[in-house]
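The data blocks that follow each hold one structure.
Common to both upcoming complexes is subunit A, partnered first by subunit B, then by subunit C.
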Partner chain A sequence: MNTPLLNIQGLVTQFSTRRGPVTAVDGLDLQLHSGQTLGLVGESGCGKSVAALSIMRLLPKPAGRVAKGRILFEGRDLLEVSEADMRRVRGNEISMIFQEPMTSLNPVYTVGFQIYEALQKHRKLSRRQAGQEAVNMLQLVGIPEPAARINDYPHQMSGGMRQRVMIAMALSCRPKVMIADEPTTALDVTIQAQILDLISRLKQEIGMSVLLITHDLGVVAETCQQVLVMYAGRAVEKASAVDLFEKPAHPYTLGLFASIPKVEDEILHPISGVVPSLYDLPEGCAFQDRCAYRQAQCLKRPPWIEISPEHWVCCWRYDTHHA
Partner chain B sequence: MPENILSTEGLSKHYPLKEHGLFHRQTVVRALEDVSLEIQEGEVFGLVGESGCGKSTLGRVLLRLEDPSAGRIFYRNQDLGAFDRDRLKAFRREAQIIYQDPYSALNPRQCIQNLVQEPLDIHGIGTKQERSKQVRLLLEKVGLRPDQATRYPHEFSGGQRQRIVIARALALNPKLILADEAVSALDVSIQAQVINLLKDLRREFNLTYIFISHDLSVIKHIADRVGVMYLGRMVEVAPKHAFYQEPAHPYSKALLSSAPSPDPRSKKERIILSGDVPSPINPPAGCYFHPRCPECLDICREVFPPLRLLSPQRWVACHLYQ
Partner chain C sequence: MPIDYLIRRLVHLLIILFGVSVLVFLMLRMIPGDPAQLLLGEFANPEELAGLRSQLGLDKSLFTQYWIYLKNVLQGDLGISIRTEIPVAQEIFVRLLATLELSLAAMVIATFLGVAAGVISAVKQYSIFDYASMFLALVGVSMPIFWLGLMLIYLFSVKFSVLPMMGRLSMGLDVPSWSGLVVVDSLLAGNVPAFLDSLKHLLLPALTLATIPTAIVARITRSSMLEIQNQDYVRTARAKGLSNLVVILRHTLRNAFLPVVTVLGLNLGLLLGGAVLTETIFSWPGLGRYVVNSLMARDYAAVQGCILIFATLMVMINLLVDFLYVVLDPRIRVHD
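And now, the complex of A and B:
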């Protein structure tokens, strides 16, 4: 395969807290290729949003910092570039949409202003051109009567429309990568279907790559080609979507699938126990306390094992040398 | 045929908005319009719909946490609206509610012992020792350790807190539990634990659930019958299997096809609705769904279709079936 557009190597993100440092992302490797949609899946607190904020260099300061690793975007390490250069990347080449569109939009400015602000900054358009382009963007994301709605304030729009505005803003500079952090979680299913359909359509039209962060395996199945599963700050499995859904391998992934209500009247098989606190993760594999396949070796950090082409699992269970 | 535990006739709930304008034209939010339904003893009735469709309002009105603007509710064939204070208090012993957010449902300054014991105190059940013992039993029933009773809510995770809320709801030995998005805020693996718990408890205590959720897969898993609401109206009521195999109302079809399925190979034909849910302040004329409906007829723009029996136990409010 050709070189990935976005290549994250050994990312470690830490937060300093009153109880000492916490490692929210621990050694994440991730490759996003051009034109691809990669799903980053995991439960709350597994570090998926922190990983996204690390890429954008938007970690809350001074508590959060990237302790180790490289984030290569088109060969350039984003952790090394100056803040001024980073500003040119943000919104222009990599943009991000968040879960709650109401808190991401400024309530005292019209949506039109918020869209063309980015256009003026990054694409150096005049006010009139930017205004026209903003109308085009609203049209593109399917807002009816865009020329009239451009003067609306965020509170005058519904949740689905606000998320469309967020997407319009994110896409206004034709970024190469869009990071979508739970873009449809706050929305109803029929609106979610509209937004997911919109994202995949625009992905084709603009030719961008998408890093989709979600906890919803259904959303992943519908939109992603590649999937990476995270647990307690670490990646545990990565594979193509088809492989992951048909042959999930890591015990945590298996547990996630067994937890989804599918077949009626059948009893669910949830993962027992709770996610360990990041303050006292067990030695070795973070999942061992909840794992049905636990063995003695789990006290050591498990290696990455390629169980079939391009299907990687971080688990001792698949280690053929010891079995 | 099991008896109806709860039934309604033409239930409506309108919330008046602040009056404004020269002639003080009163505008109302029609949160609930003309809902009639029957819930049988021992069943799980799933209520689905998108946000703002009135499912929570229906739940609150059913338990008389709010009084309906029109229509009547019958609890075991007795008019709930005519209940006096004492009978209402007795009714509240038998009907309990579990909310979505276990963080705001528990007073952070009270320990678990007090929180779970409070209903017993209010209704004056047993001696002090008996109540305290009962709390420990309840905690065990929901999978917590009795020695955790002295702890405070912040010491528990979301899933554990929801278990505490469930223990409190069970304290008075209720017959009917309204679960309003009870598992929606939880992660999938924790959600599955709580769903299993609710199913076990139902069997053990012979409970009736009204299960409100926007998640169709959760409803599919737990419910016996499903009611679909749109903009304050019930548009379809059906047994679960019939509903999931062959939804009748165009809105039900769209809802089911929108739900993402965890199978990357299934390339099902999705019905993507255009537009948003209209405002319940100013609903469209005729069928409320007609502006978004892919199968809209002329009559749909003018006349609201009443809920009619399509086949045994299947009710649909749609002109396509009249």
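And now, the complex of A and C:
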């Protein structure tokens, strides 16, 4: 395959907390190719947002920091570039939208100004052009009467509308990558589908790649070509969406599928046990305590195994040498 | 701001002023001390005293006295000062402007110094600057104004003789009285020596008066900034690639400023109170000193007039704060 647009290698992100250091992302490898949508899936608390904020270099300071790894974007390591260069990347080449549309917009500025601000920062447009472009963006994300709504304040809009504004803002400078961190989690089901459709459509139109973070496999099925499953800060399975849905391999992924409510079956099958605390992960595989296929080797870190072309699992169960 | 809201506030103002006038009227007459006695001295004979009392209307019933007072006030007549025999309104007006000059200067210092210190402390949390300025703020709020004023006078006027210790302007300098604020008037008149001289006179009293509000504003600004810094929309602003300065000023301070405005408004009231002490220390010819002296002489009309003016100012400041709030926060703008 050609070189990925965004190539994360061995990312380790840590927080220093009162209870000591905690590794929220532990050795993450992730490749996002141009034009693709990659789903980053896992239960809440598994480190998805931290991974995204690491890419943007927006980790909460001073607690969070990237301890190891490389984040190659078009060949450049974003962890090495200056803060000034990083500001030219943010919102311009890589932009991000967040889970909470209700609180992600500044309450004291009009939505128009908040879009305008990004345009003015990155694109050499006159005031009028930037203002016009802000209207165009609102139109693009499907807000009716954009020329009037541009003067609205965030509190005058619904959650779905605000998320559309966030998308307009994120896409105003035509970024190459958009990171969407659970963009629909806080929204009503009907609105969720609209926002996902919108992201897919704009991805085509603008020709960007999307890193879609979600805990919902249903969302992945609708929108992603590639999937990466995370558990307790580590990647456990990577595959194309088709492969993952046809033959999920990692016991954790299997558990995720089993826990999706199905029409014919009224009983939910949540994964037994609880997510282990990041402060005292077991030696070896982090999932072992909840795993139905646990074996002696699980006390050692499992290897990555390619069970079919481009379908990787990090699990001893598929280790043919030892079986 | 809609008209009916303004009218409602004006009605409030009238009710408050009525209440205040009754209270002050009664309280003044409850404290011991007879104006006639004070005016005529210890050895005045009873006939003289009785004559003066009836001349001042003090022999009438309290209710009648208040009724006469109220009627006069409603016609803009605050009475005549028994000490100077000049209309109280006239005396108050001149002194009010002196107090206003001092309070405004203190307010400006408190706002700029306090907000700047608070912002830097929050942005550089746990830095040396943060610890130092918060320590100073703690010292500042607990500082006795009287002691501070005297120390400043000792240091800058007595020891190093770089700043004057009293008054608003040196002898021999003359400034027209257009706005009543000497600093402004001297500047408008293009009188540079007088302008610099009046600034020098203003500096120590304004610093003294500003100490406590500066400390309060710095602390509020810091805590408010720390809270807003963690808001999602500040992260959004960073994610847009905006510069640090824009994120701090436009997206953080602008929101963090709302509680600061309230505190500033409340402190303007405190400031007027603090002005009484500061004016006494620095012989500043303002309302604070005037009200104290009038009280000593049981100059009822003067004290009542001053308190009414203070109350009016407080209510207007509150109105101004409300108005600023509406300007600053679109969420509370009334919309149809």
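Note that the second predicted complex is superposed on the first by the 317 of 323 C-alpha atoms of A that agree within 3 Å, B and C clash if a C-alpha of one lies under 4 Å from a C-alpha of the other, contacts with A are read in each partner's own complex, and residues count from 1 in each chain.
The criterion applied here is as follows: a residue touches a chain if its C-beta (ideal position, glycine included) is under 8 Å from a C-beta of that chain, and two chains touch if they have at least 3 such contacts.
Quick caveat: nothing in here was measured; it's all calculated off a predicted structure.
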Exercise. Kindly say whether there is room for both subunit B and subunit C on subunit A in the superposition, answering fit or clash.
Key: fit
Quiz item: With the two structures laid over each other on chain A, which partner does A:274 touch: subunit B (first), subunit C (second), both, or neither?
Solution: first
Quiz item: Quick one: angle from subunit B through subunit A to subunit C, Cα centres, nearest 10°?
Solution: 80
Practice problem: Examine A:242 and indicate which partner it touches, taking first as subunit B and second as subunit C; both and neither are also allowed. | Solution: first
Quiz prompt | Contacts of A:257 with subunit B and subunit C, given as first, second, both or neither | solution = first
Practice problem: Have a look at where A:128 lands relative to subunit B and subunit C in the superposition and call it first, second, both or neither. | Solution: neither
Quiz item: If you count the residues of subunit A that each partner touches, which comes out higher, subunit B or subunit C?
Solution: B
Practice problem: Answer with first, second, both or neither: which of subunit B and subunit C does A:19 touch in the superposed model? | Solution: neither
Exercise. Considering only the touch criterion stated at the top, classify A:88 as touching first (subunit B), second (subunit C), both, or neither.
Key: second
Quiz prompt | Superposition-derived minimum Cα distance between subunit C and subunit B (Å) | solution = 9
Quiz prompt | Interface residues, subunit A side, partner subunit C - complex | solution = 56, 58, 60, 87-92, 95-96, 98, 100, 103-108, 117-118, 121-122, 153, 155-156, 166, 169-170
Quiz item: Which of the residues in subunit B end up touching subunit A in this complex?
Solution: 50-51, 157, 159-160, 187-193, 195-196, 199, 214, 216-218, 220-222, 240-241, 244, 254-255, 257-266, 270, 272-273, 275-277
Exercise. Using the touch rule from the top, collect the residues of subunit C that touch subunit A in their complex.
Key: 230-233, 235-243, 251, 254-255, 328-331, 335
Quiz prompt | Residues of subunit A touching subunit B in the complex | solution = 43-44, 144, 158-161, 188-194, 196-197, 215-222, 224, 241-242, 245-246, 255-262, 264-265, 267-272, 274-275
